[in-house]
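Dumping the structure here so I can ask a few things about it.
Going by the order they are written in, the chains are A, B, C, D, E, F, G, H, I, J, K and L; count residues from 1 in each one.
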Amino acid sequence: MTSERILVLHGPNLNLLGRREPGIYGFTTLPEIDAMLTREAERLEVVVTSQQSNSEGELVSAIQAAWGRECGIVINAAAYTHTSVAIRDALAASQLPTVEVHLSNIYRRESFRQHSYIAPIAIGQISGFGADSYWLGLQALVRHLRQPTTEASEA
Amino acid sequence: MTSERILVLHGPNLNLLGRREPGIYGFTTLPEIDAMLTREAERLEVVVTSQQSNSEGELVSAIQAAWGRECGIVINAAAYTHTSVAIRDALAASQLPTVEVHLSNIYRRESFRQHSYIAPIAIGQISGFGADSYWLGLQALVRHLRQPTTEASEA
Amino acid sequence: MTSERILVLHGPNLNLLGRREPGIYGFTTLPEIDAMLTREAERLEVVVTSQQSNSEGELVSAIQAAWGRECGIVINAAAYTHTSVAIRDALAASQLPTVEVHLSNIYRRESFRQHSYIAPIAIGQISGFGADSYWLGLQALVRHLRQPTTEASEA
Amino acid sequence: MTSERILVLHGPNLNLLGRREPGIYGFTTLPEIDAMLTREAERLEVVVTSQQSNSEGELVSAIQAAWGRECGIVINAAAYTHTSVAIRDALAASQLPTVEVHLSNIYRRESFRQHSYIAPIAIGQISGFGADSYWLGLQALVRHLRQPTTEASEA
Amino acid sequence: MTSERILVLHGPNLNLLGRREPGIYGFTTLPEIDAMLTREAERLEVVVTSQQSNSEGELVSAIQAAWGRECGIVINAAAYTHTSVAIRDALAASQLPTVEVHLSNIYRRESFRQHSYIAPIAIGQISGFGADSYWLGLQALVRHLRQPTTEASEA
Amino acid sequence: MTSERILVLHGPNLNLLGRREPGIYGFTTLPEIDAMLTREAERLEVVVTSQQSNSEGELVSAIQAAWGRECGIVINAAAYTHTSVAIRDALAASQLPTVEVHLSNIYRRESFRQHSYIAPIAIGQISGFGADSYWLGLQALVRHLRQPTTEASEA
Amino acid sequence: MTSERILVLHGPNLNLLGRREPGIYGFTTLPEIDAMLTREAERLEVVVTSQQSNSEGELVSAIQAAWGRECGIVINAAAYTHTSVAIRDALAASQLPTVEVHLSNIYRRESFRQHSYIAPIAIGQISGFGADSYWLGLQALVRHLRQPTTEASEA
Amino acid sequence: MTSERILVLHGPNLNLLGRREPGIYGFTTLPEIDAMLTREAERLEVVVTSQQSNSEGELVSAIQAAWGRECGIVINAAAYTHTSVAIRDALAASQLPTVEVHLSNIYRRESFRQHSYIAPIAIGQISGFGADSYWLGLQALVRHLRQPTTEASEA
Amino acid sequence: MTSERILVLHGPNLNLLGRREPGIYGFTTLPEIDAMLTREAERLEVVVTSQQSNSEGELVSAIQAAWGRECGIVINAAAYTHTSVAIRDALAASQLPTVEVHLSNIYRRESFRQHSYIAPIAIGQISGFGADSYWLGLQALVRHLRQPTTEASEA
Amino acid sequence: MTSERILVLHGPNLNLLGRREPGIYGFTTLPEIDAMLTREAERLEVVVTSQQSNSEGELVSAIQAAWGRECGIVINAAAYTHTSVAIRDALAASQLPTVEVHLSNIYRRESFRQHSYIAPIAIGQISGFGADSYWLGLQALVRHLRQPTTEASEA
Amino acid sequence: MTSERILVLHGPNLNLLGRREPGIYGFTTLPEIDAMLTREAERLEVVVTSQQSNSEGELVSAIQAAWGRECGIVINAAAYTHTSVAIRDALAASQLPTVEVHLSNIYRRESFRQHSYIAPIAIGQISGFGADSYWLGLQALVRHLRQPTTEASEA
Amino acid sequence: MTSERILVLHGPNLNLLGRREPGIYGFTTLPEIDAMLTREAERLEVVVTSQQSNSEGELVSAIQAAWGRECGIVINAAAYTHTSVAIRDALAASQLPTVEVHLSNIYRRESFRQHSYIAPIAIGQISGFGADSYWLGLQALVRHLRQPTTEASEA
């Protein structure tokens, strides 16, 4: 049996994680998150590839490139969550099951961070658990991919 | 070492799960979800108690009663998510770490379901993964309770 | 032929009907309305049961209990019309044909009374005819239940 | 005793009923609705006259002409429900008791159909019961006209 | 010297003036208003023609017909004030100086009556003085037509 | 017979009329407007007093002082039209019939100029006719004061 | 002379007062507030009964039960202030003079706490003085009940 | 092969084209536009009929009459674009493919011109190209009618 | 022990109290309110000074002058409550404990009266008790000044 | 005579056309659209160059580079239509005549797709005709470039 | 060469600067700011006069008085920035180049402080630099007055 | 003493400055602005580096790269000011003091240009002074960096 391949996408400024404003985003760096996801992926017998970009266009292209190569996407689009119709359209076009994750609880922050263009086209959203949001997102996606018959979703 | 105690609260109409509108909410019943959580709790070495009510006041009282007895709460407040300031206030007063879960992806549904009174006073929110949302919520809460030093949360 | 069973639900404060503020709600009491509905039910050869509650949770439970026992619901949710997503969800889950009625013309009153959470999941709404609103609601439901093929509803 | 005279007004596009989009509006034609109302009027011992127009101005004039000739109006203003202040003003000026009816449940449709200029100056509104909405509207108006002392309506 | 010709337009339901709801609109009838305007026109040495219609389209056509024949328009568009872009466009296209009048003070009435599509393309608006609003409107228009150099209007 | 006394109030910046921005407000100065009103007052056999102030408080006090001394008020509150609840309250407390006038057509200007705190407590409003707005306002007030029985105004 | 009877109602979560979040709500417990009110009631020669509930329906029923038994109500509806039309309707139906009180200054808190369904049907509102809000509310109600002729209230 | 028949509808005030305000709408008259469309129709081997009306009701009736006689509609509803639900409903009921055209770029004009009731039920919209908008609309409709298999439209 | 000094500020038009519109504001005059407050101040062993102004700037200056001289402020800013950021800023800068009072229940009046710039920077607000609102405001302020340790207020 | 040069710009995700979600966007690929435009360009005797990018910045740079080289732009900015002020500014700065096209009818889709930052600075907009939207856009631009005197555009 | 004269206007409560709430507004007093501006004016070879008022009307009059005497205005209207149309109108009428300054960054404060009536009629706005905002505003105004040809401003 | 290093960032389309639309943005080119800043930097004894990009992602990366290398940032984010949460987040993460500048007075332009995502996380904002805005921004930043003790900023 071939392992499922999963793409983890990190949006703008997430390359700064753990190095700046640890009071806000914690001390864990992005490479540490990726390493944690790789370890967990081994346990779950899936293959995780991750990519970070500050450019909306590069994220769109990365999503397009995932088509036919990946089985699902875990995305923390960071600031683009709230402004990018292009990333939403790329995810919708890819038709890959997608889990949206956020480090912080976006519902405690500025009102402009409480709207997500991605949520309506994702399977679901996980927000507020720090680096654990990624760990939970990976679990959620793998469980979704492996469930025998997809639970019906509401219209 | 004593196991952490966790309260799982189910809001109105969730007692119907699996018996009506399976096309929307799936075939899993609430007792099956509770059983699944109990099994997972054993694996995680925590103790889970669950309670369902159609009454806002009973849910408020259940949250009040958790004070000094439970270590955290996983709550799917269902319809009351969108209308109950009283449940929000009870959770805030309890000062217990709370994880908000939803079976369906509330961001795909009617606009009045996209506002949560609970999210801003919860650690985080998980929505859209069917019964897995509870499973993920339990993981998230246990990991939160067990992390050596709490990651700083944003202001 | 067995008569169709119909549940009539009265929301909060309707137990006061005819006793207070007759200038607003008229002199007819709730028992008089129930008696009138029972007489009309006999004429229509249906069986009417009625129930009043000031509690949102009790109304939710009453709707759940109607499942498999009643053929349809006539509901005047009174104040909960405007605030209860839980009653809406219970009615939707029950999948019973429901007629929403109001004594007063809610479009002449405060703006917060002009939104109904129930209307979009009911067959239809009747408002403004005093106690006659119930009489009309009963006719509407019986005609709906007895029509040979359901008229298609718009999307 | 002279029978009460009642005017039934049908707004724009209702002449198409039953001939187009039966999936939405059913198979009953407007002449069939008028015939049904005539039969029911006989049973109720009232006289019903009906009129259809695609023109807002003609509907205004028809309402003006009803003054001193009719005892009440049942109106389905269709699209003009949502856009015509002139029809509202004509109805208010006529001071005839008016019942507003809609074939479809307007609360399930586009948001611009959920506002009625007519409702606040009508006795009440009935929506969602297909051709039965007219039948119910006629009952409601006749009962209103015949009740010994008008129930007080709220301010 | 030829007298200036002025068209007075009365919108929907104004033909009812003085006959219905005198408590609201006073006892003066439309023919009495027209007669009063004719007398005042003589004094002012202008010629007044007046026209009433319940139809938006007829009012549009009447405005179009005024082009090249009239020197200015006094209009009480009544209900169409608040809903008709077509009348606004006809007035703008006619390029005739227009004075908007209202019998009642529209700023004391329902909020939907407080917006006028006509005001921004009129010289000015007069509202609240009953039949005097027309008398004032005629004065205003004649003074406007006769002033040697038009006062600059703000951008 | 004693002549009626009328107070004309000019709000902030109107002392600049005719001296600055004639392209916007015309070449007529405030003293010229007052002189024109005095001449017209003589013709109408009323006595006009006028007052200008840049201060909201002074205008409030002037309105208070009019009580028992004046029969009516013509007011161009200029910028305070849009921001002063205090002037509105003073006018309402004075119970003097008030006509609101504006030089420019406020419905052609910035949206914040299209709301008047004064209009709902005035008899009526006249806007857009330059200095003629005052002349028309004086006519309107005198006609209002002299009409045998006040026309009923709508609620 | 019989003492006036006054009902004091405490809404959801107020049973926690003084035990949790003293940093927010102070150290005074609900029994202490009730005791303070009882002492003050003696001084004022009125009889105070108090009741707390986490349930909207129970509060509605308590208000209904006050009819004919109590002379007035002091209510801190807490969270239900902002969400309960049912409590508003019960208070209006009871026709008992009602004073609305809040411990905290609701105008310093989340925007959803700045709207009260109760205020428009109460005599008045007192907010922000901690336990003193109740003390003040009791004074206000007793003074209101004992004033020889009620001061007219504005429309 | 029979030529496809196409109805071109012109809304209110378009009969003035080219005669008034050429600075805004250009010098081309409506007959010239119709002649141009006739020539182009010949080249495309379709038959074009055109009709103009200032009346909303007449436009509704013209659309109804097109049923079974025309293959498609090109409509410039002018002012009614923004206010007429009746024309929208007539077009939807006709089920004829419809192309909406506008002479001017409505997205550069007043905000009330930027909403179209017609666009959501048309195939598409063309705005801003002067008389060319009609020419383009005719091309678009003919290409739509002649394409072998209709391109799927998005939900 | 020196008595605490308290400044009572009355905003615009309150000098008219009791003389005009007694149907709205009652028969009590402002000097009578001040006399009542003086008597109550003696009983409470505080010194009350009061001041009325129709001018926003004078009220700002009066608040500034209170600094170092007064211990607290009771303010009924009347119309300026809803429009004056300057008074809010002066009160905030003065850092004196402030109680906001209103004669009428502002939540029953026009919507623009339901917003207060002052409330968020006051200790609390009292509205609706007529002249008693001042009496209650004085009690509230004195109790606040004399409580041993200030109750914590919510964030 | 030199042919006019025209730049065709395709925004994010349009490279996926015809390969994914054909149910929504049809089976035509972007190279096929470009080929069709090239053929049509030959017939029209213009030169078409086309470019696709997922990057907002690259599209801005492409528009800048068109200056002095191209005569006009046909742009389908896809998702950036709704969010990019930068592309709007680049188009405005280029001063090149621009036609905005959309494959789908954006007025049938999510409300966030119904606002275009580009439309107010384009000549006009064409939406809803699938690949034909490009064909129509090219016609519109060429006709615009070749008309002897530009039709005046409305203010 | 005569030095340019510049008026510096300080709005309400700015006389308190440096004496109260230094934690918010710093320790610099208004006389110190004026002294700093005078020194800098000497260096720039301009003459600065400054004035502070708590009264909106006085500020209006001061602006009017500047006409013909001053060459430009630097204004910190403080609270009146957000509420005064009268000051805006006075500045517009004065036609003097005006620079708006704020000590604090108004975009970090309450939302009502983020709207300025003055900004649209000023040359520009400087906010957030403490006393330096005045220093920068003076530089900006002098540079503006001295530039050989005024840079075109956008429409 | 080492000179402070300051990064000047120019957003999309600013590379066109002085070459296109000089009527709007003036004749000064971006290299001329950079040269002017370099000269002024020498006078101020700081080092200025400047960078322009049309790409949101490149600007994010440039801000990230400034960390540890620059002492502060002067940014004119142009169109991204209004849409880019990513640039805001990068600036916030960098924790470098930032001054926001705009060539034009954004408060005179389209309403969508009047909201800045950057302003709330900048020290302050300067807008409307053409190229001088940069000169003023540089002064403001240098004065901020050199002030002995930072003035407290408001919460």
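Going forward, a residue touches a chain if its C-beta (ideal position, glycine included) is under 8 Å from a C-beta of that chain, and two chains touch if they have at least 3 such contacts.
What you see is a predicted model, and the numbers here were worked out from it, not measured in a lab.
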item	value
Smallest number of contact steps required from subunit A to reach subunit E	3
Third chains touching both subunit I and subunit F	K
Inter-copy rotation, subunit G to subunit I, in degrees (Cα atoms; steps of 5)	180
Equivalent interface positions on subunit C and subunit D, same or different at half	same
Computed distance of Cα centres, subunit J from subunit D, in Å	49
Intercentroid distance (Cα basis), subunit H paired with subunit E, Å	32
Subunit I, residues touching no fewer than two other chains	55-58, 83
Listing of all chain pairs that touch each other, if any do	A-B, A-J, A-L, B-C, B-G, C-D, C-G, D-E, D-H, E-F, E-H, F-I, F-K, G-I, H-J, I-K, J-L, K-L
Contact footprint of subunit C on subunit B as seen in their complex	11-13, 15-16, 20-21, 53-58, 78-80, 82-83, 112-113
Residues on subunit C engaged by subunit B in the complex (per definition of touch)	55-58, 60-61, 64, 67, 83-86, 88-90, 92-95, 117
Touch list for subunit H against partner subunit J, complex	22-28, 104-105, 107-109, 116, 119-120, 122-133, 135-136, 139-140, 143-144, 151-155
